[in-house]
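Below, each structure is written out as structure tokens.
Common to both upcoming complexes is chain A, partnered first by chain B, then by chain C.
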Partner chain A sequence: MVTISAPPDKPRRMDWLFDKLLSGQGIWPAVPAIIVLTVVAVIPFVMLLSLGVSEFSVSRGQIIDQTFSMRHVTSVLTDQLYWTTFQRSMSLALTTTAICLLLGYPVAYVFLIGGKWTRRMILILTIAPLLTSGIVRTYAWLVILGGRGVLNTAMMNIGLIDQPLRIVNTHWAVLIGMVQIHLPVMILPLIAVMSRHDRKLEEASANLGATRMGTLRNVVLPLSAPGIGTGAALVFTLSYTTFVVPQLLGGGNYLNAATMIYEQVVYSLEWSKASVMSMLLMSSCLVVLVGIALVTNHFTGWTRGRQG
Partner chain B sequence: MTIAQDISLASSDKTAPVLRVENVSKRFGTFTVLQSCSISVSEGEIVTLLGSSGCGKTTLLRCIAGFWAPEEGMILIDGHNTVPVPVNRRPVGVVFQSYALFPHLTVEGNVAYGLRMRGVPRSEISRRVADALESVSLRGFENRYPSQLSGGQQQRVAIARVLVLEPRVLLLDEPFNALDAKLRGTMQIELRELIKRLGMTAIFVTHDQEEALTMSDRIAVMQGGRIEQVAPPDEIFDRPATAYVADFIGLSNFIPCKVRDGKVTLPDGQSVATKESDTVKVMIRPHNLRVTAQGTGPWQGQVRFQRNIGPLIEYIVTAGEAEIRVVAMRQDRTRPWSEGDAISLEVIDPEYCTIYPAV
Partner chain C sequence: MKFPDRSALGDMLGTGAIVGMGLFALFLLVAPSIIVLIISFDTRAFVSFPPQGFTFDWYLRVFEQRVLVEAMLNSLQVGITVTLLCIIMGVPTALVCVRGQFRGTTALSIFVLVPHMVPGIVLGVAVLFAAAAIGISPSIGLQSISITVFVLAVMVRTLMSRLQRMDPALEEAAANLGASPFQTLRTVTFPLLMPAILAGAVFTFIEGFDNISVAIFTHGFRDRPLPVELLALVQTTNTPLVAAVSGVQIVLAIIALIVVAASIGLEGVNE
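And then the complex of A and B:
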């Protein structure tokens, strides 16, 4: 047996720190994350906020003469244009979330009841689109939905229509794109929750007299509520704040909050208004997320109150 | 109670079996899990399917419940073939091995589930749920979730959940598996009493023979997808139909013997009549043997091992080639034999031995 004694050097500060970070109690293990988040999120956030509630001028890329003012806040809040834009964003995001849920849930259900190969196919088809960027997928929709796109050509060839339909640059193109881009984000949490389901519960339900529909409504659906909540929250957040899809498929004349902020920063250089709008976007998004969380909590009360 | 049920009760003869399984076979691909199983269960009877792991007990139960369809054979409940009847319309209640309680419903919600699915009126639901919970002594637990119950309580909820529907046949798949040994013992007796009190007909699955002997009116011993013997517990133990059953239930010694003139001569010189011929295996239970001083009989041996198990003494005796197990009551006055002692063996009751063809 060879014993290696610890080198008798001075107590090491770093060791103590690593010890705390890796196995400490309380907030210690969260310290690195807190530091990173402060640098990359909180500080820029405060700077952004300060732009919204101040007057300033810009000289050589530097903000100078900054003074407190609520002028931009009131001007945004009183302008009808901003309200309609936010309304459009909200309804687009809510519709996208609802459609994704309606389309995604059956896929997840088929995953639940399907065999090994069905499950694999669904996973592959769900994940594959995520391997390409959203911009590429959005451009693909231009090819499909465009005036001489695949869809119009096909419909004209079989004589369904004489004139190409104008789909691109409309609300519909944006909605189709949004649903397709965000569908996997809805399906994945649903699948994650459903693959943990105990299939015996469905058998028990059938044995107790429930039809397939009854089992779906009374067992499968309530048990997948956490997945629905997560999926809805993710899809809503992403589609409420998205910028690429409305910009490309809306052809520049479809304004939602995100595209409007982009225009104000890049073209009109209204940084203060952009800042106020960003704050509104973020806080209204939070309100909806809290709403989703409350509803989900209501339906998942049984997961709390566990013993020990 | 519905009119249809009244008619079926009136027209059904009390002695006619509630459940008849006839020549049921089940295959998975080319692998045969059940081979022509037949069994019938009469009103108010508890029949146990007993067998080692993988012998097809769960498979047979799932065929009766309708989760799987057998490739051959019929399953009749009150004389009607149920094979084409979908799961949710069979008058069969299943208590699952893991209970399969709905985690998102309270105890009350779980028990009410089946009644709700059948569209029973609300007021009747609450009355029947209360009755069912009463019968399993779970009043006061209505608003708990399954995760807030102990294993024994969960099991009683699972039972109440099917009892409330008054099924014709109750199917229980190893319902005591998740319980600790002590609770298991009391729950076995309680469950048997409950089923008897309600007059339910039940099929019960286990691989624990003691449980089977405690719970059942009749035991069906299964092996490799076949039913080897169906008989009351005493008969299964005392007159096992096949060598497999004899070996599976209780402890046993198998001794090869020759048949001459319709008689088997046991190693200790006594003889038993038999219909078999040539060579046979005689099964002698360890408690049907007595150890005596050497020289008292022709069956000589040596004590290899001796141990006290509470009120019993167990010996392992080497007699020629064979290892013979003997169990005796411990009495103060008889001298316990110790390891290494040379002794003689004697069969107490030759008629209690069972004889099988030597394979």
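And then the complex of A and C:
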């Protein structure tokens, strides 16, 4: 005879309802999230798109008299100012991505060849900044690069310069801040690839007579292509669309696409231009991301071909 | 004695250069925060380096400034609201994405994950405009719900990666022993999922507390959150007060790091 022991908990009255919801493994538990995402993300994006192609006025924070018009799209697309601004954003973001890769990859390599404690230390140093407010980390650069900042004081003390260098409120300050703030985002995906890495591959490469650099170039680098792609995509998106760093380190006169949108929405109340710019920001960002994905795919495909 | 040949020497130099570059990058990650911490204890009324003297005055002053304390409380409220909403919506959604037995679970997970890939500034502008169109003015509530939409993906991703690696045999065993689906969920799945929920809660709380890109467009006119207040303060103040606020934030980040390390482990952040 088979004895079936009673379930640990006595079924409660509400349980049948939960069972009903769960037993089909259906979509019901996700419905609240779907509704909220639709109302707070999907519909606003459609509205944003519609505002870009409309004529309307804003009165006491409310949008009234909306009618279709392509005027703002054409006026943005034909204005040289917007082109220059987007170009500046684009080149800043691409440079940031390249330098982050240049600085981040060696960290991932140290992670790869390092022991348990090195690896743990790198994880701590990479994750801690991500949990710290972006404004705090940008402020740190104001302290370092400012007129009486750490860097200027140090260089004057050792007699390298007589006058403090003007670094804050220049393109350079923005670039330095951008690189340091987005570096962890580049390192994490690279580390993820490195920790999945099979060490036997390097041993094999070394046994076959390859130098460390040869192994890095021919084994490690091709295998980490997906991590490079992910990291580059993340850093590009963030640095292309951030306005905290340019706002604080570039001073009031450094405009990139994000700071321009911010000023249009908050100060000059040119909401239709801001809508057009937001859509342009997103679509141009998407174009670069697709480009990064294609290049990554090309290189991973090449690795697969070699393995097979 | 034999000199290392050219390629071996080049190899050593190359490896050395890469390791050196890596160490420099790691130094670059941590040095700014340490400098800010050092300055927050300076006795002088302006930011300069190296500091002179040691005092806790700036920290006391942070909590004497009503504007800053209110901003912190506002951000706290947003952080808690975002976290609770993300748990309430994220846990069931992650379960459906991983365990759902219908076509379209992939589409569902993409739908949930995409808002986090949209630039925060664009989401913020979109929500502000949509709210304005129906006559809702920015508020703590609007700020909380828009940041929730932005970071729900982080919660769902953290939970999904945990669920995918959970042994299905445990849940099957519970079902075979006669547990109902809800009992299985409550007594087996939930306890196993707890560390991921905790880690997800830390990430979403930090985002709710610190987010600026979405918050700057959606925050209430009178209820300014800490990042918005801080952004203004940084541009107008040259005292170590800002460094002290930063110090408070850095301590918060360290606590968050410890909770994450204890719940899913540091490697878990990356999965």
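A few notes on this one:
Here is the rule we use: the second predicted complex is superposed on the first by the 264 of 308 C-alpha atoms of A that agree within 3 Å, B and C clash if a C-alpha of one lies under 4 Å from a C-alpha of the other, contacts with A are read in each partner's own complex, and residues count from 1 in each chain.
Basically, a residue touches a chain if its C-beta (ideal position, glycine included) is under 8 Å from a C-beta of that chain, and two chains touch if they have at least 3 such contacts.
Keep in mind it's a predicted model, so treat the numbers as computed, not measured.
In the superposed three-chain model, the partner touching more residues of chain A is C, compared with the other of chain B and chain C.
Shared-chain residue A:223: touches chain B; no touch with chain C. Once the two complexes are overlaid on the shared chain, A:34 sits against chain C while remaining clear of chain B. Contacts of A:261 after superposition: chain C is touched, whereas chain B is not reached. Of the two partner chains placed around the shared chain by superposition, chain B is the only one that A:201 touches, whereas chain C remains out of contact. After overlaying the two complexes on the shared chain, residue contacts for A:172 are found with neither chain B nor chain C. In the overlay built on the shared chain, the residue A:211 is in contact with chain B and with chain C. Common to the chain B and chain C contact sets on chain A are residues 211, 214.
Taken in their complex, chain A has these residues touching chain B: 198, 200-201, 203-211, 214, 218-219, 222-223, 300, 302-303, 305-307.
Contact residues on chain C toward chain A in their complex (touch as defined above): 7-8, 10-11, 14-15, 18-26, 28-30, 32-33, 35-36, 39, 46-50, 85, 88-90, 92-93, 95-97, 99-102, 104, 108, 111-112, 115, 117-123, 125-130, 132-133, 135, 137, 145-146, 148-149, 152, 177-183, 185-187, 202, 206, 209-210, 212-213, 216-217, 227, 230-231, 234-235, 242-243, 245-246, 249-250, 252-254, 256-257, 260, 266-267, 269-271. Residues 65, 67, 86-90, 92-94, 96, 98, 100-105, 113-114, 116-118, 145, 147-148, 161-162, 165 of chain B are the ones that touch chain A when the two sit in their complex.
Against chain C, the residues of chain A that register as touching in their complex are 4-9, 11, 15, 18-19, 22-30, 32-34, 36-37, 40-41, 43-45, 47-48, 51, 58, 61-63, 66, 102-104, 106-110, 113, 120-129, 131-144, 146, 148-150, 153-154, 180, 183-184, 187-189, 191-192, 195, 211-214, 216, 237, 240-244, 247-248, 258, 261-262, 265-266, 271, 274-275, 278, 281-282, 285.
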